[in-house]
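Shared chain: chain A. Partners: chain B in the first complex, chain C in the second.
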Partner chain A sequence: MASLKSLVKAELGVQWWWLKNNRVMLVLSFVWPYMAVLVLLAMGYAYGSIQNMARRLGVDEPVVYLMAASMVAFAASGIIDNASGVAQWHRWLGTLPYVYAAPHRFPVYLVVSGFAGSLFIATTNLAAMLPGALAVGGLRAGLGLLAVFAVMIIASLPLVGIAVSAALLSLLAREEGNVLSFLNPLLLLLSGVFYPIDVLPRILQWMSVLAPVRYVVEAARIASTFTGGPVRAVVVASYYLAVMIAVYNLLSLKAVGALESAARRRGVF
Partner chain B sequence: MAAVAAPHAIEVRGLRKSYWVREGGLLRGRRRRIEALRGVSFTVGWGEVYGLLGPNGAGKTTTVKIIATLLEPDEGDALVAGYSSVREPLEVRERIGVMLSVERGFFWKLTARENLKYFGLLYGLDGRELEERIEELLELTGLKRLGAENRRFEDMSLGMRARLGLARALLRDPPVLILDEPTLGLDPPSARMVRSILRKLASRGKAVLLTTHNMFEAEIVCDRVGIISRGRVIAEGSPGELKARVSDRVPVVLHVRASPTEAEALAQRIGGAVSRLTERDGGLLYVRVLADPESAERIIQRAIEEALRLGVRVAEARIEEPTLEDVFIALTGASEEGGGGG
Partner chain C sequence: MRVMGWLHLLRTSRYLYSMANWALVDGLWISIYVLGALTFASPSSYGVVAPMVFWAVLAWNLMSTPLWTIGNWTRFYIAMGVFEEHELAGASHSLFLSLRALPAIIVSLGTAAVVGGFIAYVTRAPILHVENLLLLAGSLAAITAMATLYSLTIAFLSLATRAPAPLLDFMNFLLFIAGGIAAPVSRLPGPVRAFAVATPYSHPAELMRMAAVGLKPYLEPRLEALLTVAWLAGLTLLWLAARRWALIRARREGVRGIGRM
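This part shows the complex of A and B:
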């Protein structure tokens, strides 16, 4: 059994080599998060003014909140996108059979690779946003951002099983694209990043209780109001997340097994 | 090497596989079943190069993918070093090196070295061991000599890509190698290099399974050959044994200076047996006729008469030893495009 460590190294390595050989992308990945903040600020003006939006969302420090929120928007549900993205990517490149024939269970590969991908994006985002947060909100804002980063990583844990299922489904669907990419906007809608949850229809409000990303946004909000402080945010969110990690992943275990053998019968590798 | 304990490196037993394909429009598509394999069985011994030889669509890639744990058969099983590809895929993956397509299968933006490093890590190698192995393989496959070790995959020639593909298959020094058309599209020096590496590996006790539709290749590198057609192995043996099967027919070869259509016309007139055109060589075309040994000389006589009538010049005419190609033509009914069954 090849060691997990070298697998992680391989996946982080390939991200890094890819960026190294595509310098423009490296620069862009530092610019994108700020562009996302600009989009969110523009949305703020749709509320009348930034202050208005801040009040509506219940936050004190709108810019810091928006930074944290856009970090979330980029990465918290990213594991689903990343696991499927990795699977599709390997199919396009023709590397899929060689990855599948490596001495790992393929679902393990997808988890590691999906994580490496979203971690990589999250870290670049953090590196890009930190100077901005420090400039606008000082040290506390910086710490808040770090706390959100930590919660965000935990927040993707409940989605691991779903991510692997989604990746296998996207391979099975024989579509040249990620068939479950609608899940991400849905998760973001349910997260309360863009709209306060209480303006959503009742049914979506109920669904949002089950969406792990929501708690990350909650943490971001608490961090930006500086009331409970980042530590409390992490504790509160972690409690809900721990339950979800167990329940969601146990539920998807069976699906993963069935999907993988269907994919192997169908000849997608 | 514990694996040698298994009597065969690869044992394929009664493989059957059908694919379902959708045909027709977006909404009113129909499902159609394509029978790719209809009971494929063969064995590959340790230290042996085994060639699976067959026309397009015969089922070569399907067979190879099943052995390499990438595809599950409908029936039958493939054992690698005694482990089942269907039920013990992880054990099998520990023992195989795979090469499926020459021109794809790597990261386009990464260099040869980076690509090998990625797959090495993926296959559980790391640190010093991996570095040394990569250097060794860059040397062995001639990539270093070609100055290609730090070139991006997208900038590499087909020959370099094939060498890189072989290097990846060899990363973990696996006892069993599974290669799907490893020399497809390569120029003679690259193909020769690949073949000589395969022979060397076999002489060190490794088992090599390769597929090809190149008869010449099968004849010079393979210890044994299985001819596969429409999802069945229809003949098996060493190249010599297979050729002995068609000793009741000898190939008559004519070198003619003619246009392809003229040569085709000539081939048709002297036909009866299968005749076909092969490679062009300094304006000469080759027309082959399979004849029974008694009538071979009479066929040459007739060919020259027909050529005169057509205004085609015969540069040379001779009776040859049968080749694997003749076996192949005799057994599969000549057509290159065999087509899948279904």
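This part shows the complex of A and C:
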């Protein structure tokens, strides 16, 4: 347990020092979520009106909703990208054998590294968006954003096993980059983050039921309507996500073992 | 040139899944935002809005993908020792780097296919209907050429100093929103409109919209064409200056170091 604690500490330290050594990145992390809102508002106003958008999404406070949705778009399901990204980086730098030879099991390292990365991104996005939400929608909007953040963290738990499997698969592929990085935007696309899900093709609508991020988006919508509240948003989303945490991780447990063995056999490490 | 082009395409074919994944990732990300933007529009306006959005997305891809495949690729160019190989063989760095535009175009077209599929499905509008095919091809070629020249400038500068990738991405987004790519210049608010007119991509983008849906450009079409050519000439001079400076510096002091942090 002590060694796991040291691993978590080290991974959070890596994130911290990476941001400290990349000041431009740090500054832009605070600007990006607003840029996303701006892109939507700019394109939206050029081609239509925000009233149309509010009506179709069923939200009462469209700008606050866009802020929450932008935070979700940048941070939700980032655990998959982070776990695969760190595995690829070690491969490129030639440090993969050393990480594999370390006392922690490699999948554990991937989980901790992926989770630390996504937690950092989610927290940065929350810190960036909170002042904006408070300024536009007051205390209620701020609480709503905090509720969405909480659901987002819970929603990354069903993806732990998938993230490790994706990272191992991307190593097995021996490609230039992470060949499964499409999973992240795909989950987001299925969630209907900026649009109603019923615009998607029927097959994608069915698949969206299985996407954890969809329930984060539902929470964001509940939090930005006058009828729903932040607490209700968390409760409703947690119900679905609890089931997903159990089912997804149990299913991916075997896959992780098999993929690690395959990677070892093929000399990936 | 043939050998270099063949090598880039060979590399693309060897990393086929990476390239396909890249196009898919970009396509999905852009679709998320495009579908979001379409919720603002009323369905009755889809006939005009959908093609405009589609061509804007393609233009943005053509301007942003080379930035990654050329401008931000120099870390591999340096890390793998390809820079020194070219120096020893007396081969052209510019030619080698600019031919990276080939995989960039392949990725851009793949991305456009993904986004176009979603736009066409959601709006049921004829997004590929074009009023003037020749003008459309010319304006897209001008956007690609501008992006390649800008990316080459960044690539040569990054032989000496780190190319701040997030900043490049930010600039791309800024140009997309405020530079007359995402929306017609005439529909931008006052000060943003002035900014858009002062940036290079707005002029071929205005011609592109005229060619696609017949939308009148903000300036006279001839003036837009003239400004496009002027910007191309200016960007060529900028690239040549950056190349000269970077190569003199690299031959005297070597190239920059590479690392994760």
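Keep this in mind: the second predicted complex is superposed on the first by the 260 of 269 C-alpha atoms of A that agree within 3 Å, B and C clash if a C-alpha of one lies under 4 Å from a C-alpha of the other, contacts with A are read in each partner's own complex, and residues count from 1 in each chain.
One rule holds in what follows: contacts are C-beta pairs under 8 Å (C-beta built on N, C-alpha and C of every residue); 3 or more make two chains touch, one makes a residue touch a chain.
Only a predicted model underlies this, so the values are computations on that prediction, with no experimental measurement involved.
**Student:** Could you say whether A:R264 touches chain B, chain C, both of them, or neither, answering first, second, both or neither?
**Tutor:** Touch partner of A:R264: chain B, not chain C.
**Student:** With both structures fitted on chain A, tell me whether chain B or chain C touches more of chain A's residues.
**Tutor:** Larger number of chain A residues touched: C.
**Student:** With both complexes superposed on chain A, which partner does A:Y45 reach: first (chain B), second (chain C), both or neither?
**Tutor:** After superposition on chain A, A:Y45 lies in contact with chain C alone.
**Student:** Is A:L93 touching the first partner chain B, the second partner chain C, both, or neither of them?
**Tutor:** A:L93: touches chain B and chain C.
**Student:** If you stack the two complexes on chain A, which partner ends up touching A:L189: first (chain B), second (chain C), both, or neither?
**Tutor:** The answer is second: A:L189 touches chain C but not chain B.
**Student:** Once chain A of both complexes is superposed, is A:W17 in touch with chain B (first), chain C (second), both, or neither?
**Tutor:** both
**Student:** Output check: A:L28 vs chain B and chain C. Expected answer is one of first, second, both, neither. What do you get?
**Tutor:** second
**Student:** Does chain B (first) or chain C (second) touch A:P103, or do both, or does neither?
**Tutor:** First partner only.
**Student:** Which partner chains sit in contact with A:V199 here, chain B, chain C, both or neither? Use first/second/both/neither.
**Tutor:** second
**Student:** Hey, what residues of chain A end up touching chain B and chain C alike?
**Tutor:** Dual-contact residues (chain A): 17-18, 21-22, 93.
**Student:** How about chain B: which of its residues touch chain A in the complex?
**Tutor:** My answer: residues 19, 62, 65, 68-72, 90, 93-94, 96, 98, 100-101, 104-111, 114, 117-119, 121-126, 152, 168.
**Student:** What residues of chain A sit close enough to touch chain C in their complex?
**Tutor:** Where chain A meets chain C, its residues are 17-18, 21-22, 24-25, 28, 31-32, 35-36, 38-40, 42-50, 52-53, 56-57, 73, 89, 93, 173, 175-182, 184-186, 188-189, 193-196, 199, 201.
**Student:** For chain A, which residues count as touching chain B in their complex?
**Tutor:** Touch list, chain A to chain B: 1-3, 5-7, 9-10, 13-14, 17-18, 21-22, 93-95, 97-105, 261, 264-265, 267, 269.
**Student:** Residues of chain C touching chain A in their complex?
**Tutor:** Going through chain C, the ones touching chain A are 15, 17-18, 21-22, 24-25, 28-29, 31-42, 45, 49, 52-53, 121-122, 164, 166-167, 170, 173-174, 176-178, 182-184, 187-188, 260-261.
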